[in-house]
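Scrolling down, you'll hit the structures one after another.
Heads up, the next two complexes both have chain A, just with different partners, chain B and then chain C.
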Partner chain A sequence: MLAFIQQIVSGIATGGIYASLALGLVLIYRAMDVANFAQGEMATFSTFISYSLIEYAHFDFWSAFVVTILVSFGLGVAIERLLIRRFEGAPVLTLLIVTLGLFTIFNGVTGLIWGYVFKAYRGAFPSTPVQFGGLYLNTQDLGVFAVVLVMLLLLYLFFSRTKAGLAMRAASLYPDSSRLLGVRVGWMLALGWGLASTVGAVSGMLVAPIIFLDPNMMQAILLFAFAAAVLGGIESPLGAVIGGVAVGIVMALVGTYIPGGQDLRLAFGLVVIVVVLLVRPAGLFGRAAVKRV
Partner chain B sequence: MRRLPRVRPELLGLAVIGGIVVLGVPTVTNQFITFEFAKVAIFAIALMGLNLLTGYSGQISLGNGAFMAVGGYTTAILVQRTGIPYWTTIPVAALVAGGFGFVIGIPALRLTGVYLALATFALALSVPPVLNHYDTFTGGHGGIVMPAVLPPFSLDLSQEQWLYYMDSGIALLLFVFAWGVVRSRTGRAFMAIRDSETAATASGISLAYYKTLAFGLSAAYAGVAGSLLAIATSYLNPDTFGLSLSLALLVGVVIGGLGLDFGATDNSRDGSFVSRPTCWAIIWSTVVPACTSAPCPSPASRTSFTGRC
Partner chain C sequence: MALLELNDVVAGYGPTTVLHGVSLSVDEGGIVALLGANGAGKTTTLRAISSTVRRTGRVVFDGHDISSHAPENVARLGIAHVPEGRGTLGQLTVWENLQMGAYIRRGGVAKADYDRVCEYFAWIPERRRQVAATLSGGEQQMLAIARALMMRPRMLLLDEPSLGLAPLIVQEIFKIVRAINEQDKVTVLVVEQNASIALQASAHAYVLEVGRVVVSGTSVELQKDEAVRRSYLGY
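Up next, the complex of A and B:
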C-alpha cells in the first residue's frame, strides 16, 4: 500500500512536468487552433542553452534558469513574428506541417550544436529521499512540484489580474472585436508563443535532471503532454494541469504494475489519446465543439 | 460515353527518355549509388501511399512509418521463421499492413485535422518501444537478420542491380495502380471528402467506407515499402521505423507536391502524382543520409557520391 502511495506521489511530480508542457500546447492551441508539435523540441533547445550556461559559463542553476526563461520567451516571440505570422488564416494542415518543420529544425539544430551523446544535467534539487510520515519522498520530486505550482500561480495572476493577460484572452476569443478596440492581436499571438516557449523551457529544465539530456529527450514527454492536453480538453489551461497530473499518475502505475510497462508507456499514451478522443472528444473541461456548415 | 485520355506526344517522349534513364542507371553508376536508387524506388512507394491518404483523401498521417514497420516485420519474420522465398512475402506484407491500416482507420474516422495528427504522431512514437518489448517475436533491439537476396534465374546482375530493377519495377506497377485509383470513382470520392466532407456525404459518398479504405490502401503501400526495405537491407530493427521516418515521409510528400497543391482540385491532372514525390524521394534517401547520418560513409565514398550528383 505504501509503495502504491509512493508511486502516486512520484506520478504527481512527473505529472507536473507533463502539465507544464501541456500548458504550452494549450496556450498556442487557444491562440491559433493548432497543436504545436515543436513544443517539445523548443523546450529541449532551451534546456541545452541552460546546460551550456551552467557547464561553460559557470552560472549557478537559478541564474541560468532565469536567463534561459528570458531567452526562450524571446525565441517564442521571434518564431511567431518571423514565421508563424506568415501562415495566419492558413488551413490547419499547413500550420501543422509548419510546426512539424519547426520540430525537425530544432531537433536537428540541437543535435548539430550539442551532439547526440547523452549528458548529465545538474538540476537545482538533490535526489535525496526525505522521510515524511512513513513515506519516502524524493527532494527532487518535491522541488519539481513547487516550481510547477509557482509557475501556475504566476500564469493565473497574469491572465486574471493584468491588462496584457486580459487582452490576450480577448484576442484569442474575439480577434476581430479586439482589433476594433485597439488590441494588437498579432502581438498577443506572439506573446502567447513566448509564454508557451517559456513554460516549455521550464518543463525541460525540470525533467533533464531526471532523464539524461539529449536532443530527443522531450519526444516521449511531448506525447504524454498531448495526452494530458487532450484529456483536459485541449482549450482549457486548468484541464491541462489536471490532465497532466492524471497522466503522470497513470504512467507511474503502468510502469510499476504492468509487466514490461516501462517499454509500453508510450503505447499507453497513445491509448489515452485515442480513448479520450473517441469517448469524450471535448475532454474533461473543454466545450464540445459545434460546427456550423 | 467516356473517352480514354489522349496520350500527348511530348509525354510519351518523356516517358521513353525516363524509361531509358531508369533502365540505364545501374550501368553507369557504382554499386553504392545503385543501392541508393533502389531505396529511392522504395521510398517512392511509401510516398505514393501517403499521398493517397493525405494528398487525396485529406487525412493527415504522421504514422505511416508504423505501417512500414508492420510490412517490414511481416517479411522479416516470415523469411526467418519459415524460410519461404522473400518475394512471396511482399503481397503478404501488403495485406497485413493494409489490414492494420484499415483497423487504425476505424478510430481515425472520428478524428480530423489536429486530432488525427496527434493520434498518428502517438502511433509513430509508440511503435519502436512496442517492437522492442516483444523481443521473442521481433528480435528486440538486436533486430532480425535475413539471408541476402540473390538475382534469380542466374541473371548476370549484381545484388544491388537486381534490387534496383525489382524495386523500380514494383514502384512502377504500384504507380500505375495508384494512377488508376485516383482517376476512378474511388479517387473522386477521396477528393470529394478532402474538399468537403459535408458535400461528399450529401452526394451519397460513404465517409466511413472511403476514409478507412484510404487508410488501408495507404498502409498497404507503406507495407510494401517496408517489406522491400527489409529485403534490400536484409536486416531491420525497431529504430529503422522511428518517428523520424514518419516525419521524413510527410516532408517528402509535402515537398513532392502536397503542400503546394493541397485543396486544389486539379493536382491529379498535372501528372504530379509520382514525379515530384519521386524527385523528393531521390533527395531524401540519397543526399540526406549522406549528410546527416551519424556514422558517415567513408570519406572516399562520400566524395565520389557528391562528385557524381
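Up next, the complex of A and C:
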C-alpha cells in the first residue's frame, strides 16, 4: 500500500512539470485557438539561455531565471509580431503547420548553438530526499510544485484582476467587438505568446535539473502536456494543472504496475488524449460556450 | 460645423461593392438617421466610418482624416460604434463589459460615468455579475449603449437598435438615446429599418438605396415626403 501511495506522490511531482508546459499550451490556445507544437522547443531554447548565463556569465540561478523570463517574453512577443501575425485569419491548419515549422527551427537552432551532448543543469532546488510518514519526498519535486502553483495563481490574478488580462480575454473571444472599443487586438495576441513563452521557459528550467539538458528534452514531455491540457479542457489554466497532475499519476502507476508500462508511457499519453476527446471533448474544466439564441 | 463627413465613400466585401459613392455629413450635437431597405448599405456605411470594412474615399472626423485609420484608432478618437448584433462580449459579465467600454480611458470605469449609465439603465447595478450572454435582447442592446457611453464618445454610431425588440422597449431605448444626445452632448448617427421612430427621434435624415444617398433633409420634411412615406413609413 505504501508503495502504491509512493507512486502517486511521485506521479504528482512529475505531473507538476507536465502542468507547467500545459499552462503555456492553454495560454496560446485561449488566445488564438491553435495548439502550439513549438511550445516545448521554445522552452528548451530558453532553458539553454539560462544555462549559458549560469555557466559562462556566472549568474546565480535566480538572476539567470529572471533574465531568461524577460528574454523569453520578448521572444514570444517577437514571434507573434514577426511571424504569426502574417497568418492572421488563416485556417487553423495553416497555423498548426507554422508552429510545427517553429518546432523544427527551434530544435535545430538549439542543437546548432549548444550541441547535442547532455548537460547537467543545476537547478533552483537541491535534490534531497525527505522522509514523511514512511513516504519519500524530494525537495526538488516540492520546489517544482510550489513554482507551478505560484505560476497558476499569478496567471489567475492577471486574467481576473488586471485590465490587460481582461482585454486579452475579450480580444481572443471577440476580436471585432474589442477593436471597436479601442483594443489593439494584435498586441493582445502578442502578449499571449509572450506569456506562453515565459511559462514555457519556467517549465524548462524546472525540468532540466531532473532529466538533463539537451535539445530534445521537452519532446516526450510535450505529449504529456498535451494530454494534460486536453484532459483539463484546453482553455482552462486550472484544468491544465489538475490535468497535469492526473496524467503524472496515471503515468507513474502505468510505469510501475503494467508489465512493459515503462516503455509504453508515451503510448499511454496518447491513449489519454484519444479517450478524453472521445468521451468528453470539453475536458474536465472546459465549459460549453454560453449562447442565447 | 460638421463633426463627421463622408465624401464619395465606396465600400464592399470581397468582390461585391455595396456603397457606390456615399457622401453625407453629420453636424455636431445632432441626431441623424440613416434609413433604407434591407441591403441598401446602411450597416456598411457605419462600418466604413469605423473602418471595419474595406473602403475608399474620404472620411473626416473632427478635422482628422480617418480614411486610413485602423478601427481601434477610430475608436480612440471618440467614435463609439455599437455594431449590428450589439457586439456583446457574451462570456464576460455585465461589469466586465462596462470595464471594456472604458478600456481607452485612463483609470478604467469612472464613478461618474458608471452612475450615469445606472441612471439610464436602473437594472445594471444588481446584475453586474451576470454573464452578458444570458441577458435578454433588450438588455443586451442597453448594455451595448452603456458600454459605448463608458468610452465618453463624441459620437455614437447605432446599428438598428430596434432589431428584434418589443415596441415598448424600442420606445425606451430611443428615449434614452435622445437623453444621451441632449444631456451628454453626444452626436448620434443611427441606422434604422424602423423609419417612423427614427424620424421622430432625429433632426436630420438620409435615405440610402442600393449604396447611394437618394434623399436627404430634415426629418420633418422627410416625414411629409410622399415617396419616403410610401416606401419607408408604410402609410
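Everything that follows uses one rule, which is that the second predicted complex is superposed on the first by the 286 of 293 C-alpha atoms of A that agree within 3 Å, B and C clash if a C-alpha of one lies under 4 Å from a C-alpha of the other, contacts with A are read in each partner's own complex, and residues count from 1 in each chain.
The rule we apply is simple: contacts are C-beta pairs under 8 Å (C-beta built on N, C-alpha and C of every residue); 3 or more make two chains touch, one makes a residue touch a chain.
The structure displayed is predicted, hence computed values, not measured ones.
By the touch criterion defined above, A:Ala201 lies against neither chain B nor chain C after alignment on the C-alpha atoms of chain A. After overlaying the two complexes on the shared chain, residue contacts for A:Ala64 are found with neither chain B nor chain C. Measured by the number of chain A residues touched, the leading partner among chain B and chain C is B. When the two complexes are overlaid on their common chain A, residue A:Gly182 makes contact with chain C while staying clear of chain B.
Contacts of A:Met32 after superposition: neither chain B nor chain C is touched.
Shared-chain residue A:Ala170: touches chain C; no touch with chain B.
After overlaying the two complexes on the shared chain, residue contacts for A:Thr104 are found with chain B alone; chain C is out of touch. In the superposition on chain A, none of the residues of chain A is touched both by chain B in one structure and by chain C in the other. Across the complex, chain A is touched by residues 50, 52, 70-72, 75-76, 80-81, 83, 87-92, 96, 99-101, 103-104, 108, 131, 133-135, 147, 151 of chain C. Contacts from chain A toward chain C in the complex involve residues 163, 166-167, 169-170, 173-174, 176-185, 289-292. On the chain B side of its complex with chain A, the touching residues are 54, 58, 60, 62, 107, 110-111, 113-115, 117-119, 121-123, 125-126, 129-130, 132-133, 198, 243, 247, 250-251, 254, 259, 262-263, 292, 294. Chain A meets chain B in the complex at residues 29, 33-35, 37, 91-94, 96-97, 100-101, 103-104, 108, 116, 219-220, 223, 226-227, 230, 234, 260, 263-267, 269-270, 273-274, 277-278, 281, 293.
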